[in-house]
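Right after this note come the structures.
Heads up, the next two complexes both have chain A, just with different partners, chain B and then chain C.
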Partner chain A sequence: MTEIQKTVRFKIKRQKDSETQPHWEEFDIPYRAGMNVITALWDIAKNPVTANGQKTTQVAWDASCLEEVCGACTMVINGKVRQSCTALIDHLSQPITLEPMTKFPLVRDLRVNRQRMFDALKRVKAWIPIDGTYDLGEGPKLSAQEQQIGYVLSKCMTCGCCVEACPQYNDRSEFVGAAALSQVRLFNLHPTGKMQKEERLETIMGSGGIEDCGNSQNCVEVCPKEIPLTTSIAELNRQTTLYGFKKIFQK
Partner chain B sequence: MRAVKKWLQENNFFIRKLHSLSGVVPLGAFLIEHLITNSFAKFGPEVYNQKIEWFQSLPYLYALEYGFIFIPILFHALLGFVFLWAWSDNSARYPYGRNWMYTLQRASGMIVFVFIAYHVWEFRFETQLTGAPVNFDLVANSLSNPLIFYFYVLGITLTVFHFANGLWGFCVHWGITVGPRAQKLSGFLFLALGLVLVYIGLDALWAFR
Partner chain C sequence: MAKKPKIIVIGGGLAGLMTTIQICENGGEVDLFSVVPVKRSHSVCAQGGINAAKNTKGEGDSTDKHFDDTIYGGDFLANQELPRKMCEAAPGIIDLLDRMGVMFNRTPEGNIDLRRFGGTLYHRTAFAGATTGQQMLYALDEQVRRFESEGKVTKYEMWELMSLVMDEAKTVRGIVALNLYSMELQSFAADSVVLATGGCGLVFGRSTNSTACTGSAASIAYQNGAYYANAEFIQVHPTAIPGEDKNRLMSESARGEGGRVWTYKEGKPWYFLEEWYPKYGNLVPRDVASRAIFKVVKELGLGVDGKDVVYLDLSHIDSKTLDIKLGGILEIYEKFVGDDPRKVPMKIFPSVHYSMGGIWIDTNHMTNIPGLFAVGEVDYAYHGGNRLGANSLLSCIFGGRVAGPSSLNYAKGLEGKSPGSEIFDREVKKQESIHENLFSAEDGENPFKLHEELGRLMTDNVSVLRYNKNLEKTDAELQKLLERYQHISLSDTSRGANPVLPFARELYNMLHLARAITIGALNRNESRGAHYKPDFPERNDKDFLKTSKMKYHPDRPMIEWEDVDQRWIKPRPRKYD
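And now, the complex of A and B:
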């Protein structure tokens, strides 16, 4: 008696490049205990044959760390944005649909270009300048409380989940998105970073900055690192409001 | 058009803050006053007409009407329509409570704009043109049409929703409620306020039947 092989059905959105029309392809992948979306995509790469037996090209996707700390393998799985490395097959209903994120330029299949997120980090000056013409010495100490808040914020991997789920982030808006805003909070919290606090606040008070947030709060719901993004945004609302009053009344 | 866009971009922060503030003061404050004043209808046509006459006898009436009501409404509504430009609804795909509120805030805003435009035309500008007296009978006559009556039920409910949910957004937007606990509590507070205002508004409406 031959054992019936258990398979997993995938439905994948295929697109050669941003110019061509997308189409769907289905795949049946042999089931293995503990498998995730990435291992299934590896299986497809080994044997790129669709469910109805047609030979096709390998599916293109991005992946790097395989432990949900790099953000590269982010895609839309069964309609929700998340990392494919931590998307366990046992927890997903079938057919499992895989789509690329919709808010970024498509490269191919499930691969997108998240450059807009990195540009946003540059725009909001998400760093601490420590270079000088002389040795600046040690900075002020970081309190344990600030460390705790800062640690959570520093877990952001710029994966794009928050902006993919954000109704205010699209090609009609210049919104920098929750991830970049949360980094402003992180660097404004840091005792050395505080020295450029107002400079950073200026960057998010322009168009595409914090005022473009519409408070749908999807970002905090979908963030895989459980970063309190809406708290970061509201905290920056407080900082920019106070700074706004300062600008009006102190100049 | 390009000049408007440039002006919006350069003064983004203050315009958005002013948009949010105008919804609370003067518009929200006026809404509460208006709903309570309407409730005089519960005491009968004579009391109601007396109150209207009192309002019409206010000094600087036009300045009050335009400065605290018409211009703020137009500012708030027209800018609201401009901000809708960046809206890409996804409440079906991400059906979280706050996302629904986000969508309803925008949808209610659009309907409320139509409602207020109709309401202000009917009872403020049309009467001014025709010289018809603004009193209990005028309102009762208009509301005797069930279609208009239920349009008012919808309009008042959505206006109060837009105001109460807008207050929640105002508190986040101005950095008053920062953490999730504070935002949850303020949500319940404004829900309660909204329910009270809907009751006051609809109770007065039924007094005209």
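And now, the complex of A and C:
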């Protein structure tokens, strides 16, 4: 008895560059147990032929770790922004649609340029300004509770899910987005980072800062690392308000 | 005032970023190249932790003991000076990372907690949940971003190394790189060049490595005359989830926190590691554990349900403790397999994981090519024949602390005129013509399919068990693949962000590296660390306590042997039972 090979239908948005009009291509990929979207994209690389037998080019997409710790392979799958490595075929309805994120300049097909997110980290001074890497002895003590809060915040992969889902984040606004804001909270709670707390708050008080948040709360819904982004933003609202008062009374 | 020294660092993982920080701190400027935004480098995949003999558990641990475990774990193959300095520096490195804000797990008193790892009897591993590599990478990424905002670092992310630019004296003067978004080739001049490009897991097809770990840059250096040392030492990690796209690591820290490996024998659970190695139990080094699992599954036929898997079991441990200490890997298992490892044992199997071998360097991290340095997994210097768990992150940071200042000092000491533009133009033209040839080929073989064949060939013949007959056959097959490579074509010939062209270039370099690994394994007729030949089951110090150094030759890699510096610790039999 010959078994009929089960296939998976994909519908992929193709676009050569940001100047070209997008079009859709469909693919039938042989099904294997446990497969994810990445496996399917590699199948296409090995055999770039569409569902109706047309030769085509390999799909361009970004990937690196394939275990959801690097953030590279983020795309919009069946309308939802997420990493394609953890998108298991068994949990997706078909045809599976793959589209690039919409909030960043398109490079090609499913590939976008998320430089704006890294620039935002620069703007908000998301670092601890250590004196140097030479031996200065032990770091500050930290309670296990503080560590647990900080660790969750520092798992942010800069993947872009939160800003893709954010109605305030687009090419007409300068909004730094939830990911960068949450990093401000992280560094402002660290015993050393605290020392530059006000400097960091300054960076998010002007245009594109925390006031651009429209409180839609979409970010926290889509964050793959379950980072409490809205809690972070609420906490920063409190910090900037207090700092605002302080500035008024110190004048 | 003299111009600031300009150093090119290739690779933005832990080693590359630490090197960059050290150069900037000492007054140099860095052009930092990476095939991914540096924050997405493969270091994020390191899970369990970083070793340092901080001795905060009252066990009497010391940096000497750490050094001894490292040399013993590596089966005495490592030259001892750099590992010794690394182990001495380790406690200070943890403090530095802590000052940078790495969220290490804490004890009730607020100190950095330590856990156990393989190949040692001490609590010596600092950790940030089970995503320590990610947390460390982010801390260094933040420090480099700070230097970037001060204008000391220029990042070239999504650029890939295509070749080195050498002058008449065979000194490195710069590189040619490919912009992965535009397929533009460009040359960059520098006073010295540091390779920090990681491992070569993709040579084996599926491994625990990220997609960027092709070994392509290492192979470029090798093909330009750099020695590739101890190529045959490839670590196979005992516990990974087998997958279609990659094998996902289940950290050694799972066993460090009490996880047990078992399978069924005569209907009852059989904890074979605990039975065979009562002293170290589940925490034997990786080479020992992987061979044991191979024996149970392949020789005794006792894989779970007759398949190529055994159990890694955490279900007896309190789930709140598991969440705090191992959350990251539990999440991976849940997301990719669908079962909850707090409740059911995980199904795992060994997978290619790490290359102990790599570019040969001296104790200043310089290769045999003047001006070219190597650091991180791409160098060969720290782990001998088998790396201990949680020593890799340490070697990346320590290596960066050596390679940064060394490459800067070399740059400062450069005398004479800078080279003219001809050598750069010539190299760009050479690379362009390679690309034109690839673009113009039609109806040839698909490079991704060739890569699949390469991976299967290497995994079947050059991983845990090695037989000379098979190694000879493998090299013959690799030569055939190189021949077939001449007849590949690209499914995409556009000059935009073409994903096929860079892969085709990497594949060529992988094939040459695969030959170095295979020929290295063929020539080493003994068993040492991760290198195991059933026909030569014993270690042979008389003939093979030597570093193998592979020199590129287009016909066949040429092997040279170099004595190992054993100044501090003399070889003794290696046993964990």
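Quick note on the criterion: the second predicted complex is superposed on the first by the 242 of 251 C-alpha atoms of A that agree within 3 Å, B and C clash if a C-alpha of one lies under 4 Å from a C-alpha of the other, contacts with A are read in each partner's own complex, and residues count from 1 in each chain.
What we mean here is this: contacts are C-beta pairs under 8 Å (C-beta built on N, C-alpha and C of every residue); 3 or more make two chains touch, one makes a residue touch a chain.
Remember, predicted model here, so these are calculated numbers, not experimental data.
Within the superposed three-chain model, A:T230 lies in touch with chain B and out of touch with chain C [touch as defined at top].
Of the two partner chains placed by superposition, only chain B is touched by A:G206; chain C is not.
In the superposed pair of complexes, A:A63 makes contact with chain C only, with no contact to chain B.
When both complexes are overlaid on chain A, the residue A:E221 reaches chain B alone and has no touch with chain C. In the superposed pair of complexes, A:F175 makes contact with chain B only, with no contact to chain C. In the superposed model, A:T241 lies in contact with chain B only, and not with chain C.
Once the two structures are overlaid, the count of chain A residues touched is higher for C than for its counterpart among chain B and chain C.
In the superposed model, A:G137 makes contact with chain C only, not with chain B.
When both complexes are overlaid on chain A, the residue A:P167 reaches chain B alone and has no touch with chain C.
Contacts of chain A with chain B, set against its contacts with chain C after fitting on chain A, share not one residue. For chain A in complex with chain C, the touching residues are 16-17, 32, 34-36, 38-39, 42, 45-48, 55-72, 85-86, 88, 107-108, 111, 113-114, 118, 121-122, 125-130, 132-133, 135-144, 147-148, 150-151, 154-155, 157-158, 187, 190, 192-193.
Interface residues of chain C, counted against chain A in their complex, comprise 21-22, 25, 36-37, 39-42, 44-45, 92, 95-96, 98-101, 103-111, 128-129, 131, 134-135, 138, 142-143, 145-146, 148-149, 181, 210-212, 243-246, 248-249, 324, 328, 331-332, 335-338, 401, 446, 448-449, 452, 491-492, 494, 496-500.
On the chain B side of its complex with chain A, the touching residues are 8-10, 12-14, 16-17, 85-91, 93-94, 96, 98-99, 101-103, 169, 172-180, 183. In the complex of the two chains, the chain A residues touching chain B come out as 79-80, 165, 167-168, 170, 172-173, 175, 205-207, 209, 211-212, 214-218, 221-222, 228, 230-231, 233-242, 244.
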